[in-house]
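Scrolling down, you'll hit the structures one after another.
Next come two complexes built around chain A: one with chain B, the other with chain C.
Up next, the complex of A and B:
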């Protein structure tokens, strides 16, 4: 059974994360180191995009197979483009892009910062009168904000490529019918919504991951693994909740009542 | 000095790609070997079954809340998007069965396993890597014990048992999520949702979904345990092992899901 103290910590967690974000924004206003930010962004893209591409390729394939199986009962397998559009482009691909970003870069950022804590490099910086929030945390969060939308765009492209390859070559759905149904379901607006989602999800992954690494008071080498673990699962939960909230906000009004 | 660009150096990327491919194949073989050795020794150890049950309880209780928090919103999203699609055609009645079928067949097993990889799997990798760093695993070997069977085996079996339990929870949460979104937020009649829901749930789908998560649990347990077991001996090595474990198992779940689907529905997907 969770103790009362655990519940209190769980309730306070979002507040602590927002306070951490506010402090980082204030510290980052003095200008994060440009070179570090650039290198971290490049590293994030190089490491996260391949994961995003593989994961969403197979997610697109899975959605197409499911849609074709469900719809072939009505003799409407070519309509599976609709389901890939509504389920994939709008929801599942951005969500999986956020999840892959959390798994690859989120865990990495948290374990880096926690390792710096454990080996007292953060204290050493502060001893020298340097601001660790400005130097270490701000560039990492900025890298995530830049990388998030790019990951989402890569996810959409790769998911659609997966859907196309599986739908057209494996299942033998007519190419024109599938893409016709798909383009009927989604348009440029959905790509823009995806980019907005990517910005928010990138920010959330960055903040949660750096918070878990930077603000933990655990010591010892074991805490490095635990920080990575917390960062991944908490940013995944936050990403899911935020993704639903954004969808409600943007698509909720499209439902005729 | 030789000329700076040797013609063979243009093959660099090709060589790197080849090395990557070889690494994937070798890594796959190593994980399968690790899985067989760990589970076989783990079951043969006295008290191995008890340890596995204990690990299953730990993993299930640690992952239950995150699974509910992740799959609930996903069920709600499915309801939202399929209603935007179906209200236009006037086939609102089909919404509950479609959402339930997709949740049971794909989203619940897939995302429950991803969450198990992120929460339980990363913890397994981090724990084993820390044991490696503290030379606890080496101590076991010196005493003539088999750390793969003793430490990794129960964790892998625990993940394989926790998978289907958490999948059942995920299915319940996903359907509840779509009910909340459809009935309470978007105003689908309660009776329509409840009456049409059973059309989307078949017992064969439920069984297949559970079997899938057993496979995913075994696979991701082996990937995470072997990542922690073979980690580099440094503080950074622990983080790197946890990170590699999570990423590899998430990719594994998605790829294995596709392969299982193709095996189950046939190459043409019943079209």
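Up next, the complex of A and C:
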């Protein structure tokens, strides 16, 4: 049974994260360190893109298998590209990019900041008269905002490569038919929507992960692992909820009943 | 006002580096500091002694604004810490240095970059000035040749020296030490004590040292205070405190075992 205090903490959590974001925006407006932000962005991309590429390659391939199986009953396996386009490019690939970002970078950011908190490095910065939100948190969130869309684009490309390899080379779907169906489903607008999703998911992963690392009251070495764990779980949940909300907002109005 | 009867020096006439006026601090139901008044003089080394958990580190964090009291006023270098705006508080902290118990060196940076950090980020010094000043500071703490190492490749005493070099890099008016000899062997502790004493004499600034190391306090301090049960049990010159006949003070200074 969850305790009343735990429920209260859960209810207050979004408010605390929002307040943390507001404070970080105010601190960030004073100018986060450009060199640190650039280095963090490069590091994020180097660490997250390989995970994104591997995960979405297999997701694209599996989506194609299921699309081909289900459509072959209607003699329309060549239309598998439609499902890869609607389901993969619009939904699954951006979602997996956000999830991979949460798992790889979210855990790293939270553990870094919690370790700095535990070893008093954050206090040391503040004792130098420096703003730790401006110096530590803002660059990490900006790196996630920059990295999010790039991860989504990488996810789309990798997912389509996976779909192509399995669909064309393994299942024998005609290349022209596969890509023709795909391009019926997906246009430039969908890529732009994916990039916007990447921005939002990157922001959410960055804020949740830095909040869990920076704002924890826990002490001791174990708190580092716990912060990383919380960051991954909570940013995954937020990424899923935000993906659904964005899909309903952007594509929900296109439903004809 | 919770000041122990046997306080030997009210410090009413000194210029204060840190002043606590009727300060109370609680963690949950536990009272850490109970209506405490304290004046720490400028230009001297003051050691605050006391058993673990008596609020020594809390007192340091109150003086820096890292913690807020439930009640009372804290003035550091003449600034009302909790009446100041955030920018004023950050400006106040630039006039202070702090040596943390665990040193709080940045593990991802070299020793040189650790010491250079406040010079680059706070003072915005040019690189030639940074190099000259870091070399000077590393020489001052007796480690001129370790600049390219990372902190994890140094001994505990060496890390403490580097932390001191970083703490005094911006030529602060006040340096706070949180258990500077904690976890060090007796010889290394003694060398750190001498370094603190020599550095204070060379710079002539205010040092406040939180410690439960009686020998260390006796060597480095001009003034000594002892915290006990949330109050300042005794405060005064080192000689006066060491001459105290108060049983609690004597038991601590003479290392009488605590009855469990």
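In this text, the second predicted complex is superposed on the first by the 256 of 257 C-alpha atoms of A that agree within 3 Å, B and C clash if a C-alpha of one lies under 4 Å from a C-alpha of the other, contacts with A are read in each partner's own complex, and residues count from 1 in each chain.
Quick note on the criterion: a residue touches a chain if its C-beta (ideal position, glycine included) is under 8 Å from a C-beta of that chain, and two chains touch if they have at least 3 such contacts.
Treat the numbers as computed from the prediction; the structure is a model and nothing was measured.
Chemist: In the superposed arrangement, which partner chain does A:38 touch: chain B (first), chain C (second), both, or neither?
Modeler: It touches nothing on chain B or chain C.
Chemist: Could you let me know whether more residues of chain A are touched by chain B or by chain C?
Modeler: Counting contacted residues of chain A, the larger count belongs to B.
Chemist: Just chain B (first), just chain C (second), both, or neither: which does A:177 touch?
Modeler: A:177 sits against neither chain B nor chain C.
Chemist: Touching A:51 in the superposition: chain B (first), chain C (second), both, neither?
Modeler: It touches chain B, and chain C stays clear.
Chemist: For A:157, decide between first (touching chain B), second (touching chain C), both and neither.
Modeler: After superposition on chain A, A:157 lies in contact with neither partner.
Chemist: Would you check which partner chain A:119 touches, where first means chain B only, second means chain C only, and both and neither mean what they say?
Modeler: Both partners, chain B and chain C.
Chemist: With the two structures laid over each other on chain A, which partner does A:131 touch: chain B (first), chain C (second), both, or neither?
Modeler: Once the two structures are laid over each other on A, A:131 reaches chain C alone.
Chemist: Can A:195 be said to touch chain B (first), chain C (second), both, or neither?
Modeler: A:195 sits against neither chain B nor chain C.
Chemist: Which chain A residues come up in both lists, the one for chain B and the one for chain C?
Modeler: 119
Chemist: Of all residues in chain B, which touch chain A in the complex?
Modeler: Where chain B meets chain A, its residues are 66, 69-70, 73-74, 76-78, 80-85, 87-88, 98, 101-102, 105-106, 110, 114-115, 118-119, 122-123, 125-127, 129-130, 133-134, 185-187, 235-236, 238-243, 246-247, 250-251, 254-255, 257-258, 261-262, 265, 267-271.
Chemist: Going by the contact rule at the top, pick out the chain A residues touching chain B in the complex.
Modeler: 51, 54-55, 58-59, 61-63, 65-66, 68-70, 72, 77, 82, 86-87, 90-91, 95, 99-100, 102-104, 107-108, 110-112, 114-115, 118-119, 170-173, 185, 221-222, 224-229, 232-233, 236-237, 240-241, 243-244, 247-248, 251-252, 254-257
Chemist: Which positions of chain C touch chain A when the two form their complex?
Modeler: Against chain A, chain C makes touches at 64, 66, 90-94, 96-98, 100-102, 104-107, 117-118, 121-122, 170.
Chemist: Quick check on the complex: what are the chain A residues that touch chain C?
Modeler: 119-121, 123-124, 126-131, 135
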